[in-house]
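The letters A, B and C name the chains in turn, as written, and every chain counts its residues from 1.
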């Protein structure tokens, strides 16, 4: 997939790193240490793994700042080799957008405004009055409802569904089978226990640079907007209820779920399978351990875990003691026995003393 | 989306409420307090929020019984403003069914019995011998297997799959990506540890007025029927195993799961991410807290939580003490120290006394 | 669905059982005890249920070894009636593959190598350079990316997605809506808290005889291969992260999830909703209770549960005591009171003694 070689000097500039070695060296790809071939650049995350670097066939390396000069080895020193690697790898893979146009076997509704430079695959279905910006790619089997707006360079993968009225920003990636804009789950129950549907007339708005995982579901608002803000990354099989707001750059790991009307600040992280109750707020940078259940508002920066979630340090201590409950109970039993004996003896003593 | 104005008198009658104000007032839509425009009707859930009512621009309000007369304000007093709001909002949104017929780019198999008054979207696929009742809407990308029967006014949304032999009632809503009738998960394991598939030859039957969320999965029975009874509401990403029976009007919140052959009574509620073991029974009106794991049969009306789930009051007490385990252990340590000291002193005493 | 009668003698041979009764008896189908009609064969799992056998209308029975002769009843004695039943039921249902070819309304890309004996349904989409072996069935709405290879007799059900580069073995069953080969969830975060996508350039490889449940997601490797080995059975809505390896014949029950780079040995079992952390190893035959969270490596044969998961026996004990935390605290309070009294009395005693 690597298209062309790049000069290492350029790569150093791209990631703001310090080059040590031949600035004219050409590299043709990026790969992990053990997989990199000659002519490729690789990366070393921390000093401890320096031996792996020595056996790698790579032509050059992204290394942390604290790595000294290695004779005959070309390195770029960077603050975060992981990050620099992601940037360089992306640069190698970048290809100019290939506009295949609208495939004759795609179906497009009426009154759409679709940029000329798009790729819409066979058997994609676009509703009425849909707007699609330049360099958007829509894969096979995607269904887009009426009145949807899609920005620039967004990719919607196979069999994803974007329901009517949704607004999708630019450079968004929506993975296969994801559903954006399904009805929120809202009912009112009558005297006989039957549930009357509360109409779900709001929309979903997805800002720029968001990624949405495979088979993830984002419900439209009951009224108003369910909002996924800029830079949010959502993994597979995540559930987002109606009227939820997910703040910029938050990360939701696979199978997490957020109930209706809850709001998340910026850079919140939900671990895998974490669940968040409805109508609460997790402030900026809250981190929730995988598998936890969050029942209450959380202040900025809180790191929490457990069910219900509590500060993670407290939880770790309690969880360690949970395992010891049998021993704890044995100790209590022992204490009771000792005390009973003592009470008995004391009783004897006082009885003895009473004689 | 609001089609026409309705007389407030009619709305009061529709919800069985008591009107106070001009019976001839025309209202043209329904919205929450802060969003309602002039000419719309809104609702007040409880008295505490009465100030929001005063600043709302709405023309009239659904209010609880305990709200007194407000000079110059038209109100309909009802037992449950939430419920009344759902009914009135739905009435405003009700539109006559528009039968678009079978789109030429849909694919329909042989020997189907499809009512003339249906809408089957482009790129929907219908198998052989399928029966579809009047006013059914089938969206793009839906795949319906052979020998499926669908009642009246049912809506099957984009990319949902209804596998062969499934029976779907009337007024059912199936959201995008839902899968009805996939194989149950049943295997027998041989001596070498290999798993032999147990054929799954049963079906799924979905009764009237059921709603099934996006990307939810309902497995067909191994033999016989997996049954979702009338009025059941299922959220997104829920898993229902083979031969499960879900009783009337039960509610299954997102990411809940029910293992094979378990049966639920009427009006059971599973919170989000709740899991229920196979081959057990939850009786009528059982409520399971979100994130819980149910391992045992539950009597009617039980309200349970935790893992394994226990009566919620017990669980709440234990969960509160779980957090205090470090303090509890510190107390035990203290007790041990005191007792040891006491035993030591007593020992001295008795040694002293023995002299 | 039963095609033809089979001689019971043959069936006994098929499952390695011992026949007692007329070897020439013809049976025409397989069903559970209560559902079997005359002329069908049924099965009895354990001796305790022998009365159900007496009222069954079946013509013959698979029974465990410890069932004695029953006058006038034809039985096949086998080590595992469950397993024998699965084998015999499958034999009755086996039908010769019907090759419908490539439907004119399917879309097939360029340079594909597709066996003549396949069934590709209308509105399935096949990418470029795809290889498809004999007797493969691809249902409607399936999307297969470029450069995918599919072995023999594999079934890919409605609306499943197999992304580019995936390798799928023989006799694999992929259920509706499953997504194979979506991007792994990998990002590097810059100083401003923005997440830079780490390109996911690896693939998914699925070996022979694997089954993948509805709406399950299997991510492609960041680099290299996410691997599902031979005979693995995966239920619905399961999440498998990038670079995960699932060993032969493992079983992953519904809504389980495995984070990136974790490896499972052979015959591992994850219960429903179980979650496994990334970068760890569960060795052969590890069993994880439903709803558990596994945070650490596990040795072969470990049976674990809880969050974090610990040996199940320990967990069971601790969980039983969790419920008793209020009583435990009451006991401690009592002990404290007794001890305080004792200390007070002893104090008096020693004060008295000091006089």
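To be clear about the criterion, contacts are C-beta pairs under 8 Å (C-beta built on N, C-alpha and C of every residue); 3 or more make two chains touch, one makes a residue touch a chain.
Given the structure is predicted, the values throughout are model-derived calculations rather than measurements.
Participant: Between 0 and 180 degrees, and as a multiple of 5, what angle does the rotation take that fits chain B onto chain C by Cα atoms?
Facilitator: Angle of the fitting rotation, chain B to chain C: 120 degrees.
Participant: Shared numbers divided by all numbers used: is that above or below half for chain A and chain B, i.e. same or different?
Facilitator: Counting which numbers both chains contribute, under half are shared, so the two copies meet through different residues.
Participant: Quick one: report the Å distance separating chain A from chain B, using the average Cα coordinate of each chain.
Facilitator: Distance between chain centres, rounded to whole Å: 26 Å.
Participant: Pull out every residue in chain B that's touching 2 or more other chains.
Facilitator: Each of 123, 141, 159, 177, 215, 237, 255, 273, 307, 322, 328, 332, 335, 339, 342, 346, 349 in chain B touches at least two other chains.
Participant: For chain A, which residues count as touching chain B in their complex?
Facilitator: Result: residues 107, 123, 125, 141, 143, 145, 159, 161, 163, 177, 179, 182-183, 185, 187-191, 193-199, 201, 215, 217, 219, 223-224, 237, 239, 241, 255, 257, 259, 273, 275, 277, 293, 307-308, 310, 314, 317-318, 321-322, 328, 331-332, 335, 338-339, 342, 345-346, 349 of chain A touch chain B.
Participant: Tell me, which parts of chain B touch chain A in their complex?
Facilitator: Chain B reaches chain A through residues 1, 31-32, 35, 79-80, 82-83, 85-87, 89-90, 93, 105, 121-123, 139-141, 157-159, 173, 175-177, 209, 211, 213-215, 231, 233, 235-237, 248-249, 251, 253-255, 266-267, 272-273, 290-291, 307, 319, 322-326, 328-329, 332, 335-336, 339, 342-343, 346, 349-350.
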